[in-house]
Amino acid sequence: MAGLNFLDLKFLPAKEAEAVILPIPYEATTTYGAGTRNGPEAILAASRQVELWDEDDNWDPSAVVRLATASPILPEVSGPQAMLDKIKRIVQPWVSQGKFICALGGEHTITVALLQAMQTRYPDFTVVALDAHADLRESYDGSKLSHACVMRRVYEMGRPLTLMGVRSYSQEEHQLLRVAPRLKVFKARDLHTPAGWDQALEHLKGISGPVYLSIDADALDPGVMPAVGTPEPGGLSYSQVLTIIEILAQRGPVIGLDLVELAPIPGHRVSEFTAARLLYKALGYIYHQRRPG
Amino acid sequence: MAGLNFLDLKFLPAKEAEAVILPIPYEATTTYGAGTRNGPEAILAASRQVELWDEDDNWDPSAVVRLATASPILPEVSGPQAMLDKIKRIVQPWVSQGKFICALGGEHTITVALLQAMQTRYPDFTVVALDAHADLRESYDGSKLSHACVMRRVYEMGRPLTLMGVRSYSQEEHQLLRVAPRLKVFKARDLHTPAGWDQALEHLKGISGPVYLSIDADALDPGVMPAVGTPEPGGLSYSQVLTIIEILAQRGPVIGLDLVELAPIPGHRVSEFTAARLLYKALGYIYHQRRPG
Amino acid sequence: MAGLNFLDLKFLPAKEAEAVILPIPYEATTTYGAGTRNGPEAILAASRQVELWDEDDNWDPSAVVRLATASPILPEVSGPQAMLDKIKRIVQPWVSQGKFICALGGEHTITVALLQAMQTRYPDFTVVALDAHADLRESYDGSKLSHACVMRRVYEMGRPLTLMGVRSYSQEEHQLLRVAPRLKVFKARDLHTPAGWDQALEHLKGISGPVYLSIDADALDPGVMPAVGTPEPGGLSYSQVLTIIEILAQRGPVIGLDLVELAPIPGHRVSEFTAARLLYKALGYIYHQRRPG
Amino acid sequence: MAGLNFLDLKFLPAKEAEAVILPIPYEATTTYGAGTRNGPEAILAASRQVELWDEDDNWDPSAVVRLATASPILPEVSGPQAMLDKIKRIVQPWVSQGKFICALGGEHTITVALLQAMQTRYPDFTVVALDAHADLRESYDGSKLSHACVMRRVYEMGRPLTLMGVRSYSQEEHQLLRVAPRLKVFKARDLHTPAGWDQALEHLKGISGPVYLSIDADALDPGVMPAVGTPEPGGLSYSQVLTIIEILAQRGPVIGLDLVELAPIPGHRVSEFTAARLLYKALGYIYHQRRPG
Amino acid sequence: MAGLNFLDLKFLPAKEAEAVILPIPYEATTTYGAGTRNGPEAILAASRQVELWDEDDNWDPSAVVRLATASPILPEVSGPQAMLDKIKRIVQPWVSQGKFICALGGEHTITVALLQAMQTRYPDFTVVALDAHADLRESYDGSKLSHACVMRRVYEMGRPLTLMGVRSYSQEEHQLLRVAPRLKVFKARDLHTPAGWDQALEHLKGISGPVYLSIDADALDPGVMPAVGTPEPGGLSYSQVLTIIEILAQRGPVIGLDLVELAPIPGHRVSEFTAARLLYKALGYIYHQRRPG
Amino acid sequence: MAGLNFLDLKFLPAKEAEAVILPIPYEATTTYGAGTRNGPEAILAASRQVELWDEDDNWDPSAVVRLATASPILPEVSGPQAMLDKIKRIVQPWVSQGKFICALGGEHTITVALLQAMQTRYPDFTVVALDAHADLRESYDGSKLSHACVMRRVYEMGRPLTLMGVRSYSQEEHQLLRVAPRLKVFKARDLHTPAGWDQALEHLKGISGPVYLSIDADALDPGVMPAVGTPEPGGLSYSQVLTIIEILAQRGPVIGLDLVELAPIPGHRVSEFTAARLLYKALGYIYHQRRPG
């Protein structure tokens, strides 16, 4: 994977960047489907075809924001804890230097490490996660660090957590959803009603302080994002996801971002093109707020 | 196919079940595309990833309804009549015992046999069929028992027939559509207008007595259900199909169900995941009405 | 490719036809993805499954309009100019005879030659192009006749040009969009708002004189048309494209049509089925206006 | 399928031909895998890339032999007997006129009808069949006309039958193999030894009278012919199959030929290219013997 | 995966079996490619098409040997040690009861646990491993229990180890190969020469005592076994692998077997069919020796 | 494509290298199939999994030879002449500096430019080309610079040309083969006989002076190299190709190398792995001769 740069930009060392695209091709706790380890490279390859000009805000974010694509974090296979430690060790210094992190998974578990790295600098963060599944299980397949538990671990960090696009969870997770005080859930079906959608956007606008955004590819409808391990019909549209990001960016600082769980389908490239576009749009929205503009 | 159980539930003999998932991997009269015989197994495999908790009605249908996955009905290749006889012979006793049948095709022709088995117990049934094609031809490729004639055969059983999502038919079928008294058609394009949609739902609510629901996978839009033999653009959304089933279930007894004509695309699993979800949602809606709740 | 006829109609020599389906499997300047040369054959193959009856206007266009499928124009590989000359040489006589041309690409560059052939007979034409990309670059990969420049060349012909569904362009193209007097652009995102959509339809209704319609497959949303070289999320729906064509046909003469840049995905046939349907619907709309009905 | 001609040759009506390429996209009794109905068209499409010059015998068979590609025999879906009757009805007149038949399947069952058509003119024929499976079952899936029974039906016609490349059969078939007097079997494993191979070639050379050759694609090793329903490792090499055909042609008249059970793998075209080449080589060998040369 | 039985045999509880087919869909340390977790199910599905009659030895092993397909060992995702412990815990009792274990991977790492379970009962075992890679690294990606280290761990168990078909290793592994006293390597290129092949077979014949056979799918040539993570050209033929197994079985007791690292290619099923055949042939050879026969 | 390095080696500027891996993703004159433009990147990606240690000669060529992967030569789409000029302009200086060029196609046409760049420094070169097709046509699809003419253009450079593995050519090419004095052809079928093979190797050993080696991927058998535009059965084995290269290297200087016409099959990666291996083996053989060793 050495060498593919996001948007085919000229190489920039991570230390000189203000935003770091970070490939993490990690896949060890996946239970079904396979191939999220190939996600980062597919997204980077597709990103080379993304037009640099942002047609919404009429600027070229890549010409203004110093973007670096870091070397991928190679898997540590002795167990998820070792891998999360490695991620945290690498990301922590960048966070300390105020860099924006945009991670490409790989499985969702990596979000835990990314947030731990964020927490020292941004103790008051809120997490907004787009996901078809609640990922709130206590443990799964013998580990508390499985992809199916990632939001539980995130929730335990003691900060507000908003889940959007959810349409699949277990009874155990349902119980938690009902009582967890810092947890707010917007189910996909509700987001497809005008009232539910407005309510969700109001909620997002009301979040104060730094926000970390985690996007599981399966939050999007499998019609437009088929390359996921467990497709769930009835997902968010591309336009909905764009709006969510736009509103989060207008609202206040977005401190980090990940897009995970994309497992490329050989020969059917829509998913990675959509992901690459989405990430660049997200960077555009986020940095457009930070600039005079 | 021996052994895959819907939802990966523990094995239950059909005779102890109240609802029987019945794989019928039959494909003999298909004219284009191929692979519906692989549909049942793909749906069963995908169903293992479906969450058991119903997030709409907050219950676990699988824990309440005694669901069995029957052994697949193996093809009888001497001709469609022999196959339909075989299906009827197997299904009839279950119908007599009041079991709910949920058949997985295979080609659409099987619906004829399923309805014949239903008719002795439910002589006053109405059929609601979701399909991109009218399937109302008198005969096709030398047989009156072709998939392209299935709704003609169904109509000849003398009961009301409602077709929804139709967007492709011949002049011959068009003539029939205009004059057949017990036939009601809602074209896909009309269902995409608010007025047409409301009118269709009103019609469904007005159906009295037992309803049998036949879902040809190509009724759904190929964007979300690409794995069909003859994709027709402009189809129903997943959400529309859910609503149709929900309304049918709230209205009165649904006595049987089939989902047919899914021909898996290797490596692109969205279709079977959508089908598996849809079937479990359908069972949930149907049984939620039957229970105190 | 010799021999596949659109809709599997009986062979008709081009000279006896009033409308000519013209396969142009040309692909030489494509920069990413590959396979548009396989587009025409895939569309023709899929068209064999398209029902001949038009369920909207209740007629069979194929029984009324004399449709011929011409032999494909084989690639001239010495460079794009030679190929465009060849296309023009073949198409010009048909245009002179008043035949309607419906070209199947192949890469988008062919539109230039088709329009040059049109111009002698219809000097007052307007071009309406559906495309995800503006294709307005001055030159690309060392040629002014690249697919990425096709609309620039078209614009230079001195006639009004309307682009619809655009969601990707460079800064250079952005500058041109702002100042070019005969150029009207409707971005995809605007077309997804009720106001933007109405405005676009009003604009189309206001076009007087002959219209040539060029459809780049990537104008449609990749969820329903994944088989394109550079999928761009957020595209037009099938229903929107139908409506655009319907309005253009009702408004006045449509003199020619092309559908380009479809690069089939082996095993996933939704794109070519959608294209085949779309083309036949377009022919139906166009000829329905020309007839007593 | 209308219109693809073998080798992309100019259309010739079957009645003017001396050899007829006959597509029979029939698939109704297949038990596993699917897609042999797409075999004929894939082979014809691939044949367009086959070089017309025969580099072994230094001639162009297509320039000398009047080859026609007949319209495909469309499936009769009321049962295998009706389909076989249809095939026989179409082929019989051609056989009477002394035409050579080269059929493209579709499932293997069609060989029965082809041989019945041959038998009136060539009562003393011998059948040589290349197949991974013995296909000698008495009946299968409720029919005596299943693909798994085809060689049993052939054997019952009372003529010598030689099976080559066999490497899979049931105990029932094993019993028959041991006692059937007119049946000669060369197992694949034996053909891979020098002694076994020589013995087989000697046997072929010793066959007198007209020979009909039936090639099930799975006779070839799946490494070079993966597109079959039930791949069996350890099959014949392409070179072995060529040699078998060459020897049969040198020995005496070959009266007919079929290549069946090829089920194309989308995107992996080696199988159909190999089949197309093989068929043209076979025609070359057969007609080279018939000519002064 | 619940429910697929090897060869589609009737269900038999593992405790009543003399040979246990054991699916282990584990994949956590894979570095490239993905999908070995789908290997066991693909092999079991393909095995349903394998003919039960052994055409070499003229018997039906499945009718004589009591074969059970155990439930798959579900992944333990907290790290490879936990997974190996789990495998050992499950397999140990079966080994104690003298059952033959035939494991289906999943990644190669599982062989370590299987051998540890074997060792108590068969302290004097020899391991024969077929593999394209030496897998002799000390550690890899931060773990000593990676698939790339599996043969190093096996070697450290203190027993003779024979590697066959090897054609890829690092300098570090090269050093070990040269000096390790209990290690014997037959490179693929040597096995393709008559002398090298004879020498290898002589070596196998000379192994005394119980043998455990581990087959990495990539030992076979990728032409016949393409579904592997890292295809290496120049591999063993199917026939060579059969011969190796046959000789091992004739020589003395084979106490266990695994076939690992098969990562199915959607739509291209040759690999799993070859694997299923190979396994059943192996069982046939092994049990044919154990019986009067 | 920016950034993938052959073998995943550390980046080295081309000017500091002694051997340059040069990706040329050019595809403009291809007539069938598509995707050779994706060949270079697929080969580079696969090469990252190639073991650096050469197990034949027991050394690590990558540690000794200064290898650089140059930036890809981007297509010039105004016509083949412009593209060939561009290639020549880039490669000429490297040749002057004595660098070894190893080009990755892209279509075969590029070989002409590479040889023109070679000729000034090595006027007495001999070309050895491995190819299924003779590629000796005078012109094709309107150009003398088509892939189907490449060997004709090479031959016209006035130097000896040896073609190996050929098994497909036209009558026109056949005539040329018989009379061209500097042209030597070894047909694939002959290379598969012991006598023919020996004769070919003797011929190779007898070539004096510098040799340029051009490998069309379709020279290899499609069983092991399926990812080509026009697969031709009966090709060379991987082992044969290795031997040819080994002998050429032992014989005298090999001055350049290309591997062209690989069109990746999504999801089936055997071809690019085989190509990557082959190229590294070739470099190893070539440089092993140049060193004390």
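When the chains are written out, they are named A, B, C, D, E and F in that same order, and each has its own residue count from 1.
As a working rule, contacts are C-beta pairs under 8 Å (C-beta built on N, C-alpha and C of every residue); 3 or more make two chains touch, one makes a residue touch a chain.
These numbers come from a predicted model, not from an experiment.
J.: Farthest chain from chain F, comparing Cα centres?
T.: B
J.: Over half of the residue-numbered contact pairs in common: that is the test. Which of B-C, B-D or C-D passes it against A-C?
T.: More than half of its contact pairs match A-C, so it is B-C.
J.: Starting from the mean Cα coordinates of chain A and chain B, work out the distance between those two points in Å.
T.: 37
J.: Any idea how many Å lie between the Cα centroids of chain B and chain F?
T.: Distance between chain centres: 55 Å.
J.: Could you grab the centroid distance between chain A and chain F? Build each centroid from C-alpha atoms only and quote it in angstrom.
T.: The computed centroid separation for chain A versus chain F comes out at 43 Å.
J.: Once you find the CA centre of chain C and the CA centre of chain F, what distance in Å lies between them?
T.: Chain centroid spacing, chain C to chain F, equals 39 Å.
J.: Which residues belonging to chain B are in contact with no fewer than two other chains?
T.: Within chain B, residues 48, 221, 223-224, 266-268 contact more than one other chain.
J.: For the protein chains shown, what form does their contact graph take: line, ring, star, complete or other?
T.: Other.
J.: Note which residues of chain D are touching chain F in the complex, please.
T.: Checking each residue of chain D against chain F gives 48-53, 55-56, 58, 60, 221, 223-224, 238-239, 242, 267-270, 273-274, 277-278.
J.: Help me check something: in the complex, which residues belonging to chain A touch chain B?
T.: 32-33, 133, 166-171, 173-174, 187, 189, 192, 221-224, 226, 230-234, 265-268
J.: Which chain F residues qualify as touching chain A in the complex?
T.: 1-5, 8, 11, 41, 45, 48, 266-268
J.: Which residues of chain B touch chain D in the complex?
T.: 27-31, 34-38, 74-82, 86, 140-143, 145-146, 263
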